[in-house]
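My structure is below; once you've seen it, I'll send some questions.
Should a chain be cited, it is by its letter among A, B, C, D, E and F, assigned in written order, with residues numbered from 1 in that chain.
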Amino acid sequence: MFKWLHPYAKPEKAYELSLSFYKWLMPLSLIGIFVGCLWGLMFAPTDYQQGDSFRIIYIHVPSAIWSMGIYMSMGIAGFCALVWQIRLMEISVLAMAPIGAIFTALALITGSLWGKPMWGTWWVWDARLTSELILLFLYLGVFALFHSFDDQRTGAKAACILAVIGMINVPIIHYSVEWWNTLHQGASITKFDKPSIAGPMLWPLLINIFSVLLFFIALTGYRFATELLRAESHRKWVINLIK
Amino acid sequence: MMYSQFFKHMLQRDFQVAATQKHEFGLPIIFFILVLVLFPLSIGPEPGLLNRLAPAVGWIALILAMLIALPRMFVEDYENGWLEQLFLSGYPGSLIVSARIISFWALYCLPLVLTSFLLVPFFSLEIKLWWVLAQTLLCGSMLMACLGSVASALLVASRKGSGVMALLVVPLLIPALIFATATMDAAGQNLPITGPMFILMALTIFALTVAPIATAQALKLNLG
Amino acid sequence: MMYSQFFKHMLQRDFQVAATQKHEFGLPIIFFILVLVLFPLSIGPEPGLLNRLAPAVGWIALILAMLIALPRMFVEDYENGWLEQLFLSGYPGSLIVSARIISFWALYCLPLVLTSFLLVPFFSLEIKLWWVLAQTLLCGSMLMACLGSVASALLVASRKGSGVMALLVVPLLIPALIFATATMDAAGQNLPITGPMFILMALTIFALTVAPIATAQALKLNLG
Amino acid sequence: MGAFDSFAEFISMNGYADYVWSSYGIAALLIVGLVFWSKHKRKQLIEEIKQQDEIKKRRSQHTNSEMSL
Amino acid sequence: MLSAKNLTCVRNQRVLFENLSLELNAGQLMYVTGPNGAGKTTLLRSLVGLNQLQHGEITFNQQNISECGTNILFIGHKPAINEWLTAEQNLLHWLSLTQVQADSTELLYKVGLTGLTDVPVRYLSAGQKRRVALVRMWISQAKIWVLDEPFTSIDHKGVEVLTALFKRHKENGGYVIVTSHQSLPESIVDQEFKLAYRF
Amino acid sequence: MLSAKNLTCVRNQRVLFENLSLELNAGQLMYVTGPNGAGKTTLLRSLVGLNQLQHGEITFNQQNISECGTNILFIGHKPAINEWLTAEQNLLHWLSLTQVQADSTELLYKVGLTGLTDVPVRYLSAGQKRRVALVRMWISQAKIWVLDEPFTSIDHKGVEVLTALFKRHKENGGYVIVTSHQSLPESIVDQEFKLAYRF
């Protein structure tokens, strides 16, 4: 397996590979998202309880799920970067962070846009919502930490350290849902704990979840390529490539 | 043997520096007290409400006061070059760091926990509840000192101060805050507190084992 | 003519420095937000209670965030010697200082006042009330910047940081806090707010006229 | 019109138009913005690298490290 | 004419100097020497009015020194430079503080910082940092130069250039007061002022 | 024998030095010279392992340099002194860090700080501060001395004493690596290492 991987550990190869990810997956994912949204907006049946406001689910849930997923992959990449001193991994952490932050923000925004008609407020301090907010802070922290350094390499390493440490928080936040709700009256989100999603409603959701994953991979590839250029900017291959 | 002596000496030095910069080290306490005082002032004097808020205010005041003290954990020694001499001296980095964490905790956190007793008169908190609160604060401040040492070390060269510090430390501290709240709630309802308190302690011990290593790494990163 | 140009230039320099230390200046905001978040987390999610606390929390968060930013008002320029060059340049000290107060306010306080809008979703504060709160915060932050500049100048050589700062500034700020609370109470009960608001503004204007002179004196003291 | 009886109903989302459309709008904005921001960053970087390359070349001719009157 | 009369400075119950008087005419250079801790820095800071004295008064052409701000150039141990800005930005701020028109690129060329203009000062070497502060001497329109150890961290060639600069300033009728532990060529020193270490 | 092989350091795309190798035998002094910004400080910090290099390895008696902590005395631009403590307190901390037994009063006498032992370092003059850092040379048991501009702010007599100290260390079989813009007497320099400014 490592024999196969090895050529891609070379920056040039990694650069090409990640750009090709972008080339192929980006259109696919955009089409997927488009189809999913259109289906969700127009063809999925109206929910008898929530009316048409439930259509927000097709953005909310994919972005919410991947906001967590991206953090986990960032943490794992950071761990690999620190333990095995893999430079490319450091770079990938930086490539992922803004995407994750945007999805987190999106989950928060769409969530509160959904919350207003459903719960009557934009925001409640319920465990899930709060933990999502904390996740946003973690992303911002990784980002801010990286930019606190003048030396890119040092900044990247520091960001990796935080990404890894922050990962400890993810399961804790996950379980805190239980602990917290037992003590403070659970928010109305409990109502939706077992969404009785029917097939016609479910399909566009699944499409969107999958397409957003593709989008994440594609954009990470693109940003990874950019960061790689930055990190290697004094190398010959970069200068040749640009000309 | 040599290590323990070195350790002792590091602690001594920190205490001595603190003694010459008396104000510097008394100041988180003042900040802490100010937060306690500002509350009743801006909320208005309702004993019931204040009583209800007391544990929360104690925790918030602790977090904020520590956020102010944390950035200075390594910065002075970094800037005057003492830190690089320590790392050149050949002692293990995590030893150097743990000495600092402990002296920091003793100098900046312990007094805060004791000062939190002011909640009893100011917020008419019951002494029994204060006792529980103090225990959670004790664990929490240790945990925060550990997390903060990593953050402080990461940021030592960039002079970024409390802002980024807050961004790094607070999210990681939230679980502790949640368990502390749970503990206080349980205590308020006369339920057993061992459950959440135990988790809080476990978190702290975990942090205590991991933080020195991470901090030493972070410092080395910044010396290069 | 020359003075106004000098003034403009001083402002420009401050903004430029802030732009190179982007994070440094974005960070009181983050601190502010974190304080807003810590409250509901440790008090618990009760919309009624939170709503009741919102103005107080807004003010406390403002005061704390500014206490963090204030010590840095002059310290960097003092340490690298720019300040002594300014005073040698022959421009009146109060001019130099007012430029700094204004740039500080624009860079550190104004953003905080805007950020206080987060109280609306997080604490379910009514927009109308927020508007009143923002006005009191606007006045209050200006007042605090003035008081803070004196304190900051007094402490510039002693590197005492936020603690002593708090001790100097907060007691002087308490009247403002009381009138702000009065304003908010009046607004909450749909009574006219001009009375207390007017006093708040008068305090601010008074501080604005006195602070530059006092600050300049304090700085000269420290240069000697 | 799928689940809706008329286009007008689709637009109004049975009274939830504000919420649904604004969330889809913001989502589109953020996602498209992210993509364009990434593209912009890349262009900026390439410009920078080109410039630096030139600076490096120029440096070897036009530099001075000594003080002079 | 720059003259100081009966200056006395006591620090922590130690008399650094007492009833010290000095006079300097246009076109002269005064070289202040003395062992470490003698009080050279203190004296120089007092001369420009940055230090409170126990006694004494300092005048420049019958005017009190505190009123001739633009006529003094003081470069002390502190560089008056923001380390986060670039050399060029620092210079531009100085230019507009002193309201001098000058070409910053050329000036930075003169102190040997071409090619480093866009680097924040904190990355520069000790000597380069010092040069960013010293560039003020090239554009100064002040009559009186008060320089505290200007040669610190500066390389051989730089020291020569600085001495030449003193010479030119003297020829233009300027006043130079300088301390240094490196010796100045005797040809440009008009007065040597020895401060002894007093216990 | 201290030897460095193929050191390369690139800063902001500028090569400071490339494939630089050096060797120093016991009892020798290496005088590193070069104009401002040549990379002397960077080289010295690399030699003691405080700098990440792009390339190269440094050994002392076949041992990697990062493993001979107690054998190195490094005095750089930063003094490693807490300005709030007194000279004596700073010295005592240093003594117990390096586990050396010595009489602090005598040492401070030797660097000319008697009578100032109870003054916090921040009140001392530039040269006196430097002396507090340099006192380490008197008690050092390290073989290798790496000194970055030790003469900064030090007066004439001080410079002489320091040179004498180098000589004594050499005679005891020590290694000295020193940079300075003030020239060292030729008699004690065994190797001169010239770094040029590279663009």
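A few notes on this one:
Operating definition for what follows: a contact is a pair of C-beta atoms (placed from the backbone, for glycine too) under 8 Å apart; a residue touches a chain by one contact, two chains touch by 3 or more.
Just so we're clear, the structure is a prediction, and the values are computed from it rather than from any experiment.
Interface note: subunit B and subunit C, two copies of one sequence, contact each other through mostly matching residue numbers (shared numbers exceed half of all numbers used). Compared with subunit B, the chain whose C-alpha mean position is the greatest distance off is E.
Distance from the subunit B centre to the subunit E centre is 46 Å, each centre being the mean of its Cα atoms.
Chain centres here are Cα means. That of subunit A falls 57 Å from that of subunit E. In terms of their C-alpha centroids, the spacing between subunit B and subunit C amounts to 26 Å. As a whole-number value, the distance joining the C-alpha centres of subunit B and subunit D reads 40 Å. Each of the following residues of subunit C touches two or more other chains: 23, 30, 34, 37, 41, 44. Taken residue by residue, subunit F touches two or more other chains at 13, 35-37, 199, whereas all remaining positions touch fewer. Across the assembly, subunit A contributes residues 130, 137, 140, 144, 148, 150, 233 that each touch 2 or more other chains. Interface residues of subunit B facing subunit C in the complex, by the touch rule stated above, are 23-24, 26-31, 34-35, 37-39, 41-44, 49, 52-53, 55-56, 59-60, 63-64, 67-68, 72, 158-164, 166-167, 170, 174, 177-178, 180-181.
Chain contact summary for the complex, subunit D toward subunit A: residues 1-4, 10, 13-16, 19-20, 22-24, 26-27, 30-31, 34-35, 38, 41-42, 45-46, 48-50, 52-53. The part of subunit F that touches subunit E in the complex is made up of residues 11-12, 34-41, 77, 112, 115-116, 119, 123-128, 130-131, 149, 151-159, 181-182, 199.
Residues 52, 56, 59-60, 63, 65-66 of subunit D touch subunit F in their complex.
Residues 130, 134, 137-138, 140-141, 144-145, 148-150, 154, 157-158, 161-162, 165-166, 168-169, 172-173, 176, 179-180, 183 of subunit A touch subunit B in their complex.
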